[in-house]
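One structure below.
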Amino acid sequence: DTQGVSDTEVVIGSVNDLSGIFAAVGVPAVNGANLRFDEINAAGGVHGRQIRFVVEDNGYQIPRAMQGYNKLLNRDKVFAMLLSLGTPMNTAGFKLLDPKGIPNISPLSASVQMLQEPANNKFTGFSSYWDQVQAGVRYLAGEYDSKEVCSMYIPSDFGKEISDSTKAITSSLGLSFAAETTHKPDELDFVGSLTKLKSAGCDIVTMALGVRQGITVVGTAKKLGWTDVKFLNTSAGFLGVVAAVPGGVTEGLYASAGWVDLTARADDEVPAKFMADYNAKFDKPASGFSMLGYTAADTLVRALEAAGPDLTQEAFLAGMESLSYFDALTDTDITYSADDHRGTDDIVISVVENGMWRELSRQ
Amino acid sequence: MGDALLEIKNLESFYGPIMAIRGVSLKVEKGQIVTVLGANGAGKSTLLKTISGIMEPEKGQVLFKGREIQGQEPHRIVQHGIVHVPEGREVFPLLTVDENLALGAYTRNDKVGVQRDREMVFDYFPILAERRGQEAGTLSGGQQQMLAIGRGLMLSPEIMLLDEPSLGLSPLLVQEIFAILRRLNAEEKVTMVLVEQNARIALDLANVGYVMEIGRIVMDGTAERLMQSEDIKAFYLGHQEAGQRGERRWKRKKTWR
Amino acid sequence: MEVLQLLVSGLANGCVYGLIALGFVLIYKATEAVNFAQGDFMMLGAFVTLGLTNAEHMNLPFWVAAPLAILVMAVLGYLLDFFVLRRLFGQSQTAVVILTIALGFVIRFVAGVIWGHEPQTLESPLSIGDINIGGVVLGMADVAVIVVTVLLTLFLYQFFQRTKLGLAMQAASQNQMAAYYMGIPVKRVQGLIWGLSGATAAIAGILFASKGAIDPNAGLLGIKAFAAAVIGGFGSLPGALVGGLIVGVIEPFASRYFAAGYSQIAPYVLLLLVLVFRPNGLFSQVRVKKV
Amino acid sequence: MSLLEIKEATLKFGGVVAVNNLSLSVEEGEVYAIVGPNGAGKSTVFNLISRFYQPFSGSITFDGQNLLDRAPDQVADLGIARTFQNIELFDHATVLQNLLVGRHRHRKTSLVEELFFAPRVRREEIAHREAVEEVVDFLDLQPYRDKMIAGLPYGVRKVVELGRALATGPKLLLLDEPASGLSVEETQDMRWWIDDIRKQMGITVLMVEHDMGLVSSVSDRVLALADGAKLAEGTPAEVQADPAVIEAYLGVGAV
Amino acid sequence: MRILFKTSYNDDIRLFPDRWTLAVYAALLALAVLLPMLLDEFYIGEVTNVLIWAVAGLGLMLLTGQTGQVSLGHAAFLAIGCYTNTILIEAGLPFIVAFPLAGVITGIVGGIIAIPALRLHGIYLAIATIALSILADDIIVLLDPWTGGVSGKFPAVITIFGLEIERWTMPVRFYYLVLVVTMICTLFYRNLLRAPLGRAFAAVRDSEVSATAMGVHIARTKVKAFGLSCMITGWAGTLMGYYAGAFNNETFSLVISITLLMMIVIGGLGSIHGAFFGAVVVAFLPQALSIAKGAMIGGSVAIPGLETGVFGLILILFILFEPMGLYGRWLKIRTWFELFPFARKDMFRRQKSYLKTERLR
């Protein structure tokens, strides 16, 4: 008897941020996943089982996240976790998931810790912040003969991973790490920090900030007349709205992420259908994170299918590890295997041009 | 008796479960000074608060010029011309003496009258004029009491409810205050309900008196009549100087109980 | 030059804190309550304007939308008092604090439902264009913030100092019962101040949104504005502005000259330092009770 | 040596000279009254003794010790207790608890003992309680023992405040207008109490009062104060007969 | 109605005023002990959580409810307790020593922090403590070598004389541990209230002027209040750390501080019951809402953040319904039953009340 599985139903859980500072990430992602689950449920479910997706709001607070886990694991008896948000919340959650062997699929955190040992029940959707920064800085340094690399980050594990990665790649490329600044999530003025970075002569600045802050930083730099610098965002700032800020504020901003932007491909068939469906269901335009949510749910559905009608944890893990397909929505290959628990290995580097993300390079 | 200016019928007021006024009725004629006497906790202040709307009665009526006003918001009651000078001063501590007085005239729009009344108040209490700019909270106790009375006068009321106006005032000022009240009553025809511990001076000023005990009116009558009553003499006027000092006191039983 | 730029940007920034702090101080001055939802009011004001003016919403001209939004927020503030806060009249201020904190939850939720959680940008004429004076750059929005904040502070200061209503508001905050004895309609007066603070929040929101993007969590800024108000001496309107400016100016200088990890704590360390030396803020409104 | 001695004390608030080069001495065992017009500086003298205000100049000694060396909270330890003109009780506590706070200076138990409510804490509590019950009996406060201050009538609060001061077991009791707001009957009680406090308990009393009846019936000496300075001093009869006092304070038709 | 005849002064300072109360609390304790036999793992987890919050609430209540000092920074002390305990255990101390010590150290730190805060009142203290809460986050990051910085720490399995206790794999054992700590803290709290210090707290809260005149050293009393409050809070923080199984700089955030204050106000300031009532509301209500929503419209998200929104709305209703907190309401209900059938319907109507400035001290 496997927890969360009955003849007619399989229960999937998620501890997400629906009201806190990362609600801009969590909400569209959960919506995207729900879109996929509704489709499959309408089509009769997976092996006759309906998928029930139970989401607990953590408001980006660990104590509330733990209550969410308590409910999902001990009351709802979920079969697997999907899209749980927040690095610290996820790592805390592993303490509960691992003893029961509950799979954790595509968490909304690109931290390397998402695949920490024991890794057999953990799967991530896309590349880590670490890898994204590595690839991004390498690309920019190669293209533009940059010398000085800098970093702006929120003092959290998300920020730390990005700044650490920046330092690592800087030294391995033989560049110099010139300066760093730290920021609170509620900071709104970056003149001081940018003046500092400018006077340090930064050519590349990696950013690990809130979405709204990222926009302000690029805008402020322009205002200060500092144009010979490349700002590099990660997947955490890779959103359509960032590119679409009126007045071309974010023009020339780079991002290194695990997928290809959605709005830029609005004319392609699969993204177009997704955007239309999403808009019809939620009355909001689809964003990159809604796409991510949809894709993650799709991955889970595929793994459930591959696991066969006799659903057990082992069968499911085997199913996950057997997946290998091209996902037209994110325009990437998704492959898992026994020693590869990361879906998309691609890292896509894009830049804002004319209010859209344009793909520059893919690795 | 003519039509009463203020009439209270069978009023009951509570503090949560505690019944502080138990069916009080009284009448105040226009131009009269009515005094309410009573021991501590008898409910005198509660009665005044209920009239001025600071408290809500549970039962009964307050009629002002024949109209029911009980339960109205206190500022509406002030607009009718009923002014309450509360017990315990209640000045605005962080505002200056001048500002406190200005607030007394909040409901008035006649600049000239307000100015005249301010002069009058300063005339009555020269120390207030001297301390115009001082924050009211730093005044001495008695000075605050003067300010509270002065502020009440600034409202130019038709009827004044005065709760222990002599509290904390020097003997000289007590005489002055009562002289002022007498003048206001005589010249401006201000009707007054006066609660006082100093029963002698209160009865001296008033036309009519009521005596309250534990929330009830236990005695009423003209001031002269009350002044003759043995009980009043014993308990409110302090006539019977209980024996020599050092002797244990005994308490006479009040006959109205 | 660099120092001048930092200073000027800091001042513009400080004015935003000052504006929110004004909202706190208004309420405090007239009711002695502390409105923990003031930051969320600001966010709501910004979103209301955005909803009225942005092309994908109602698409009104900005100069129509802005006054309209201010009006809407004023009415909202008044109604909030009328239907909710008035029921707490005379109850302890902690109850009001908790109520406004909970209100903040609700406002954020509502804003999230209506406008989503992704950052949005207000289509404001103020956000276009910079002014460059001898190398010191200042956005139009910054200029607007500075001008509006200074004017608003002066206006409110005069209002409290010179008008009868302003005086009545102060009286009501010091002694509600005595204010009633003077014939001041205390509840209505307090309703008015909530309306006024709603309007102030809307102004702050519009200017804030002109400086950058907004999302339902933008109200978190209120905490720093709190610090500003306290530095100024909670209850003093010029104090709110001065406090705001101090916090605003310290920030860019700290980020410029302090090491990473230390710079972002500067405003709070400053707050604590000010309080150690002046426990009631710079323009103290607290007195020792005379006994 | 006098119990309390104030020498040439001066205190100003801005332009207001509240206490002006004032000297006075209170002898052990007497009842000493201060009278004077409103704003004369009577309460300010009390506040100087309580160390709430620091005099600009002058000295205050109590029992031979320099009071100005002491912090406000140490004044009670020396054996000085006071009441306030406008009543300062702990409103959200019962009468009993208020009186027990008066015993604060006698506590000997440590934090840890109290945390574990060690037997000594219990013993001390019961001792405090016995001391307080004596005060309750003395002032007839039995009916109010467990009542919250917030709902008590003004007159009862005045008595509770007196009780709280007595519970500290003072040598010197400062009473700021003990009879204001009291009815004639209650003032009568107050008079007996002050008498007993002095005679039976041996406590020296320094009081400010406007009720001349009370002042003349209980006090040994009276000081009349005006504008912070001494106007007259002597027996109640002497002071009341002083023309300056009549002029500034009592008025001609004295009540 | 029960009428008590007291025959000695001891009656007034007993832990339980009378037999009946003793019986009620004994029954409550028995229920608490038997609870794991009645509830499943999920509910035991939730009850544990409520108890932990109640302990934290007791900590803050001592300061805010008893001494009148509003703190919006108590999450910082949760953090200090939690980190100290883990660091001590990592240094080799057994839990049975490290845990009490963690609280004591937090108390000492709290007392020291209180010294500059002594002159602050009301909103100034509240905002200063907000700053404390915010700074705690950064300080934890800066103290990386001890705290593990942003990566945080994972508390080891508790062993008490060889008995292992772990939140997730042994929820019942952990529940009993929390229950014992809760009882000890409640007892300490009760003891303080019936001792001189508790009265000094109330004196400082109600009137600093007359407390001083009675010989209460305001500063020292406040420092003690801070210290004791922080000690209890530190223990709660430690338990929270165990409950979460992981913590870092973001765990004990300002939101937690605010929630704590909200909790004690809604529960009822100044009473032990208030801390418990508040904990039930604040710690369990969101969960209850989530369960209710699951029952009504299925688990998946219809409106994001709905629970938080509804939670806010319910808190507003709580405050409007009873600004004195749930404990106040509880007392009224109890009085009603005690007086039954003589209680008047309108007996508990609120008489109009008015506020005066708190800007005078």
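Labels for the chains are A, B, C, D and E, by order of writing; each one numbers its residues from 1.
Here is the rule we use: a residue touches a chain if its C-beta (ideal position, glycine included) is under 8 Å from a C-beta of that chain, and two chains touch if they have at least 3 such contacts.
All values reported here derive from a predicted model rather than from experimental measurement.
Engineer: With a step meaning a move to a chain it touches, how many steps does the shortest path from chain B to chain D take?
Structural biologist: Each step joins two touching chains, and the minimum needed here is 1.
Engineer: Please name the chain that ends up farthest from chain C once chain centres are defined by their CA atoms averaged.
Structural biologist: D
Engineer: Which two chains have the greatest number of C-beta pairs in contact?
Structural biologist: Among the chain pairs, C-E has the highest number of C-beta contacts.
Engineer: Distance from the CA centroid of chain C to that of chain D, rounded to the nearest Å?
Structural biologist: Taking the mean C-alpha position of each chain, the two centres sit 47 Å apart.
Engineer: How many angstrom between the C-alpha centroids of chain E and chain A?
Structural biologist: Here chain A and chain E have centroids separated by 37 Å.
Engineer: Whole-Å distance, chain A centre to chain D centre, using C-alpha means?
Structural biologist: Taking the average C-alpha coordinate of chain A and of chain D, the gap between them is 72 Å.
Engineer: I'd like to verify one number: the distance from the centre of chain D to the centre of chain E, where each centre is the average of its C-alpha atoms, in whole angstrom.
Structural biologist: Centre-to-centre distance between chain D and chain E: 40 Å.
Engineer: Please output the residue numbers of chain D that touch at least 2 other chains, ranges allowed.
Structural biologist: 43, 52, 84-86, 88
Engineer: Two-or-more-chain contact residues of chain E, please, as numbers and ranges.
Structural biologist: In chain E, the residues touching two or more other chains are 134, 138, 141, 209, 304-306, 308-309, 352, 354, 357, 359-360.
Engineer: Counting only residues that touch at least 2 other chains, which ones in chain B make the list?
Structural biologist: Chain B, residues with two or more chain partners: 15, 54, 93-94, 137-139.
Engineer: Provide the full list of chain pairs in touch.
Structural biologist: Here the touching pairs of chains are A-C, A-E, B-C, B-D, B-E, C-D, C-E, D-E.
Engineer: Quick check on the complex: what are the chain B residues that touch chain C?
Structural biologist: Touching chain C: residues 52-54, 73-75, 78-79, 83-86, 90-95, 99, 102-104, 106-107, 135, 137-139, 151-152, 155 of chain B.
Engineer: For chain C, which residues are in contact with chain B within the complex?
Structural biologist: Touching chain B from chain C are residues 164, 167-168, 170-171, 174-175, 177-187, 285, 287, 289-290.
Engineer: If you look only at chain A, which of its residues touch chain E in the complex?
Structural biologist: Within the complex, chain A touches chain E at residues 11, 18-19, 23, 26-27, 30-31, 34, 37, 52-57, 59-68, 70-71, 74-76, 88, 91-92, 95-96, 99, 155-157, 159-160, 184.
Engineer: Over in the complex, which chain C residues touch chain E? Could you list them?
Structural biologist: Residues 28, 32, 34, 84, 87-95, 97-99, 101-106, 108-110, 112-113, 117, 173-177, 180, 223, 226-227, 229-230, 234-235, 261-262, 264-265, 268-269, 271-272, 275-276, 279-281, 285-289, 291.
Engineer: Provide the residue numbers of chain E that touch chain B in the complex, in ascending order.
Structural biologist: It comes out as residues 335, 344, 346-352, 354, 357, 359-360.
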